[in-house]
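A, B, C and D are the chain letters, set down in written order, and residue numbers restart from 1 in every chain.
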Amino acid sequence: MARYILRRLSFMVLTMLIVSIAVFLITEAAPGDVARHILGQFASEAQVELMREQMGLTQPLYVRYFDWLAGNDWRHSRLVDMPLTFVQLEGQQEPQWYAVAEDGTLRQWRMEGGELTEIRVSLDGARERVPFDNWQLDENGEEIFWGVDTAGHVVLWRRGGAAVDTGAAAAGRTMTESSGEQYLPLRRGLLRGDPGISTRTGRPVGPTLVRRLRNSLTLAAIAFAFIMPIALVMGLAAGLREASLLDRSISIFSLVTTSVPEFASGVFLILIFAFWLKVLPGAAIFVSDIAPWQDPKLLVLPVLTLTLVEVGYVTRMARASMIEVVNAPYIRTAFLKGLPYWRIVTKHAIRNALIAPITVIMLHVNWLVGGIVVVESVFGYPGLGMYLLDSALFKDVNAIEAGAMIMVTVAVGTQLIADVIYTFLNPRIRYK
Amino acid sequence: MSVAETTPSKTSEAPAGTQRKWWEPLTLIFRSGVGTVGLVIIVFWVLVAILAPLIAPYSPLAQDSTAINQPPSAQYLLGTDNMGRDMLSRLIYGSRTILLLAPISVFCSVAVGTFLGLLGGYFGGLIDEVVMRILDAIMAFPTILLYLIIIAALGPSALNVVLAITFVGAPGVARLVRSLTLDIRTRDYIRAAETRGENPFYIMFFEILPNARGPIIIDSMLRVGYAIFSIGTLGFLGLGLPPPTPDWGGMISEARKYIWTSPLGVLWPALAISSLVVALNLFADGLREESTRYQ
Amino acid sequence: MLVKDYMTRHPMMGDPGMSIVEARHYMNENHIRHLPIVGDGKRLIGLVSRQTLLVEPGRISSLDIWEIAHHLSKMTVSDVMVRKEDVVTIDPDATIEEAARVMVEKKVGCLPVLEDEVVVGIITETDIMAQLTAMMATRIPGVRVTIHMPEVRGELARLVAAISAQGWGILACGGAPAPREPGKWEAVIKIRGVPRGEIVAALSQIKGQEIVDVRETD
Amino acid sequence: MRQARDIPVLRVENLAISYETRYGDVQAVRDVSFEIQRGDAYSIVGESGCGKSTVAFGIVNFLGRNGKIVDGRILFQGRDLVGRSQEELRKLRGDRIAMVYQDPMQALNPTLRLGDQLSEVLIVHRGMARSEAEDRCVHMLEQVHMPDPANVMQRYPHQISGGQQQRVVIAMALLNDPALLIMDEPTTALDVTVEAAVLDLVAELQTKFDTAIMYISHNLGVVARVSDRVGVMYAGTMVERASVSDIYLHPSHPYTLGLMHCVPKLGMDKSSSYLYPIRGRVPSPKNLPPGCIFEPRCDFARKICQEERPSIREVEPGHWSRCHFAEQVLAGELQPLAHLLPNLEARERSGEASKLVLNVEGARTYYDAPSTKLIGGEKQFVKAVDDVSFSIRKGQTLGIVGESGCGKSTLVKTIIGLEKPTAGTFEFMGVDISTPVSSRDLDLIKNLQMVFQNPDSTLNPSYSVGAQIARPLRRFKTVPRNDVRDEVVRLLNMMRLGENYYDRLPRQLSGGEKQRVGIARAIAGRPELVMCDEPVSALDVSVQAAVLNLLLEVQNEMGTTMAFIAHDLSVVRFFCDTIAVMYLGQIVEIGPAEAIYAPPYHPYTEALLSAVPIPDPRVEQKHIRLMGGVPSALHPPSGCRFHTRCPRRSLLPDGGAICETTVPPWQQVTEEHRIFCHIPLEELYKLEAVITIDVEEESHVG
């Protein structure tokens, strides 16, 4: 069993690797220039070029992929000739890159007024600015210096190098610097838990993603907690009494609710409960990422929408499975043994009837994820789906990659869980 | 079993010497009440789509700046949208878009999926392993994410919508066809063909495929429903057809902004798309129920 | 000769919800006199006989004729049966004579055979009679001789020795204290394939034993 | 007189059962009456679809939602079951009436331990405590001769073999000591040696528990072995009922008589006797003929048979028949018509007969077994065929017999080119054929064709009969393009189907007709060698004869050589000139048909013969039963593969130690007859004949 799980986990890692490469390639192939996208239509060609360089887009694709995956500080630290570190100091909102000097103090460099300044942060957090004077000679005998800037790049400065006139760039977020000759954005890499900076917001993907994921999981978990018991009970009951009035009503109900797209059923629910009955808040008043459980009423309609769509599917699975089981010869055996009806149902039918749907239901998590994206979009719910949608529309590679990784983990992970449950329910397929 | 033994078998059913036509199984649908309801709604929308230029009162793109977000009136039977376009006309033309794109994309995914499924199922071995691994990976992937990435990369357009749905749908078809093939492959008539030394592609397309058509047809019906569902979803998310093409999903997305002032604006397209998908599913489900009962 | 070999397996049984009318009809139609009443799993609940089904007047004396009819149709065997505690039963591994003894002592005509409370068979007077019939080889033709002898050890052996001296076989043999003749023992011997005269001639030679009855059966 | 001696355990009177379908009510069973006495075994025999299972399910009231009893009474121990409440019936089921049916694997719940499934019968009915119930179950498992019963209680159904599963099901049925045990084809899914053991068990338990048994089967051999009395069902009604010897030896209904003519008796062969098929097919229950239901197929039918439906009547004491002319049939005054006999005059065997058509030496076909380890591990093989040698001469038929899994199908597939041989030489008319079919040339392919087992899958459902027969004609260019249709019609006529079958689709044909089309397709290219893979085993007996006769005709007319796989030893004996007996991938005995069925036997042949059910109650078979199951072909036993189960090892010094270590030698009995065994021929000669027929009374049937 452990061996089997291990094999599946390695398969999952492989899938994730392939998916990440695929996403990278697709976004690469996509028309349009991200830098231009960020800076807006009126930025100059030079600005865009600089932006591209600062974002590392000038590097070959495979280098970018490996940087994204495994980070590049360990590579670039050779240029700086000092170890690099990524720490969050007191009084700062987010962690930053520093070079670590031999005495243990952290260093950054910054061009200020045409002069390179060294920022030293001592161990006790004290900060001091020292004019820089440690130029090194390159093979041409010119004075250069590789250092770390304040925006997470390794930068090549040349003494006396003129700052490019960047002008007033529209979005200018990452363009804090323009004095260096070469920019190499620093990354810790996904493997070390850093999904990178969002090109859309200019902020690290990680923290946002965690909050959004938490919101989405809340939504999904509540919906799941409703869907499962309702759907299984309805499905099993319908299957037990195939072709009865109960069965027919349940079947048609489930068929209809599954068929109506989430955005349509969401709209119907909003109209009914928020617009006409005015009993529930209709939509989109989540002010921040943290809101959903501060006002549980806000969750009602999204959960209801998801439940409506998904409950039908699971019901139909459970029903089909129950019908098959009820017609199985071993149920006939149980009947011929003279067992009372409820004993046949509880001891012989239900367990077997649950085996098939469990796997299918777990596979259906993919659909649930899709539903969540739409539902979040309908209700303006600040979840992972909305984040991904926005990112995709913006071609925000790092955000898409991170979201994709999470989704694949969820999808493949649930399949694994489904398989494990399956083996426990079905003694015929116990992995040795 | 006791039932199966005595219910008249098909053999005794068909009067000797008469041939049944290929479409005859499809008439089964009239035995299923809900299936018939589905069929009627589908036929309604198909007629609407075909006759769109005749029945639509306005051009779907014509704007009337004096009538923006109007409720239903004699002039605009279903009201107008935020740009003063007639809802009814947009709905009618929207059916054209969706009823064109959905079958095309389903046809593509069925074609691709059938080929791959036959290939993997009939040859087995390494070919099967490779094909199925790739398809499994695609299927493991949340559908919505695939749509997002594909459309994000390629840009919203009709062609790309078709491509995306094909790409997303083909693995499912391939799996179905593969499992059918695996079953049919064990039949004696396939072995008979093999002992005649028939070409593998002859066996795949002339011996196996005709016998898999029933489930494939039913699956395709369901898929058309899903395709409409997906096209609507894409349109709603802003990944569908670029405006101002009349597209139900897109119409809902637009009208949603004005839901508090003119709620009917979202209601009509939502009803339209729901009725069509529900109808297709009812139809496919009825067909499946009846055909399995008929077996 | 154990009960389990002579009992009727899979006897007819009734269930407690059977109406009296139905039970009576059932017993009449199938010519049975005793009906074990069982619950699920053939566990014994009670026993009815034709007599118990004849409802005693005391129970219904206070009712008028219409009420009686109504009452009867509503009564079930569980109302009139002999309850399990009072039913005399026997174990399948008991001997047949033990069964006979129980029947005689308890004055019952039928014993349900129980194994763990479950009715596995029923043994009736008739079964024991049948056993007696078989023991005496009643259905096989031969010469049946009744002999009176003193109730002394070894007398029967002498008789047997005399028969075996002739080279004849004994088809059946039984004995009991002679009726109305204290101190005497009555033995019945059945011999096959030997003429009656020869048998009488041979057996009358035995001293102290007296042939009281000789008959040929077929 | 014992209590109610004359009250039968089960008495069915004029039973009629119908099903509601969307085409209206269909009467599946009509006017069925019979009775079963305490401790008797009563068989209901009939072909598929005749309603015999419906009767059984009617008795336990398991007719599904759409079935109902419309007429008649079912008296169980004198009380009518019809109209009793569900709860009352539930108490009877599993307690006083138990049932065992086909396919034990399906009958057991796959997700519950066997112990739970067994003990719940006692827990529910007797309210027994679990531990006590389990002790009882173990005891009952011992009585059905289940090895290691305590362990079996802890297992799941898939962990024990098919024969053992059936033992569990039987034990389950007997736990509550039922008065009536209904067995619906309980051995049909089992191999012949396992079947024999289960039948022995049934007979043993029947006397031990004094249980009345209602036995349902289509297999005339099994019925002859198990039953005291027999009822023959046809198209939903009972046409004849009598004691087993009357049914088999003095049938009074033409249908019964026809059935007896259809099956080859063991010992019959094609040169000396014929099989008489029953023509036509069973009418559908909603389309019955107005007169006697058998009239359309009856060779004796007169005018009255078309007009008046006969009722069942007692022809002689205890012998009931539903025929207007039962007395004449009984007296043998009516004879079947001659037109049904195969046309076998053209049998000519020229000097070609000695020519070898197929010669196989040292054939081996191994499959890769999936490795159980993740990485590495030794590669394992399933040795499906392992060192098999034989040859077939022109115009002859080789029969290959053996139980399932013995490798007979793989052997045929290897010859036909659907499997790749691992080793060995395969020569067909002097050409090497150890290549897969895809790399053979068209002429070779044309000459090696095959007839398949399952009539329902032998034809492609999507094409018409004509198209399917035409395909090989076109592909092999047997006849010019323009003559294809004529040739197809000629073949159809040869198959006695006629031109109007040309445009029919397979679903419009009956099983026998499909099989005939399959034969037509196989012989369309006029092949030299036709391999027949159990061509009649899935057919009803009345149809088997017709198909066998057709194959015989084909062989006579075209001089075709055949290889014939079957598990039915009577059919093989009838049909084949030479027979090879296979066990675990090897041939253990090969020789002329008549030699195989007489000593000296290979011990496995002997066991097979003793197990085969013979449709003749007079037959005495020696009682030889094999222990254990067939070992895995993945790790076949060393030495002689049969040594783990061989009942004759004791004939060798020190109990046959040599069998475990040394591969046995081929012992030549005659030039053609070889036995693969260590036991010296002299010893094998001493074995008695397994099958003896008490021929005091020569029946007028055979």
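The rule is short, and it goes like this: a contact is a pair of C-beta atoms (placed from the backbone, for glycine too) under 8 Å apart; a residue touches a chain by one contact, two chains touch by 3 or more.
In this text the structure is predicted, and so the values were computed from the model without any measurement.
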| item | value |
| --- | --- |
| Chain whose Cα mean lies nearest the overall Cα mean | D |
| More contacts between chains, A-B or A-D | A-B |
| Distance between the centres, which are taken as Cα means, of chain D and chain A, whole angstrom | 61 |
| Inter-centroid spacing, chain C versus chain B (mean Cα positions, whole Å) | 81 |
| Whole-Å separation of chain centres (CA-atom averages), chain A against chain B | 30 |
| Length of the line joining the C-alpha centres of chain A and chain C, rounded to whole Å | 88 |
| Junction residues of chain B, two or more chains touched | 1 |
| Overlap residues in chain D, where contacts from two or more other chains coincide | 62, 91, 95, 124-125 |
| Numbers and ranges of chain A residues touching at least 2 other chains | 329 |
| Chain pairs that touch, as defined at the top of this document | A-B, A-D, B-D, C-D |
| Residues of chain B that touch chain A when the two form their complex | 1, 34, 137, 139-145, 148-155, 225, 229, 232-233, 236-239, 249, 252-253, 256, 259-260, 263, 266-267, 270-271, 273-274, 277-278, 280-282, 285 |
| Footprint of chain D on chain A - complex, ascending | 3, 7, 243, 328-330, 332-340, 343, 347-348, 351-352, 355, 425-428, 432 |
| Touch list for chain A against partner chain B, complex | 15, 18-19, 23, 26-27, 29-31, 252, 255-256, 258-265, 267-268, 270-271, 275, 282-283, 329, 366-367, 369-370, 373-374, 377-378, 385, 388-389, 392-393, 395, 400, 403-404, 407-408, 410-412, 415 |
| List of chain D residues in touch with chain C within their complex | 1-4, 7, 9, 38-39, 77-79, 88, 91, 95-96, 122, 124-127, 176-179, 209-212 |
| Residues of chain D that touch chain B when the two form their complex | 19, 21-23, 26, 28, 48-49, 51, 53-54, 57, 62-64, 66-67, 284-287, 416-418, 437-438, 440, 442, 445, 448-450, 452-454, 457-463, 468, 471-472, 475-476, 500, 503-505, 507-510, 518, 521-522 |
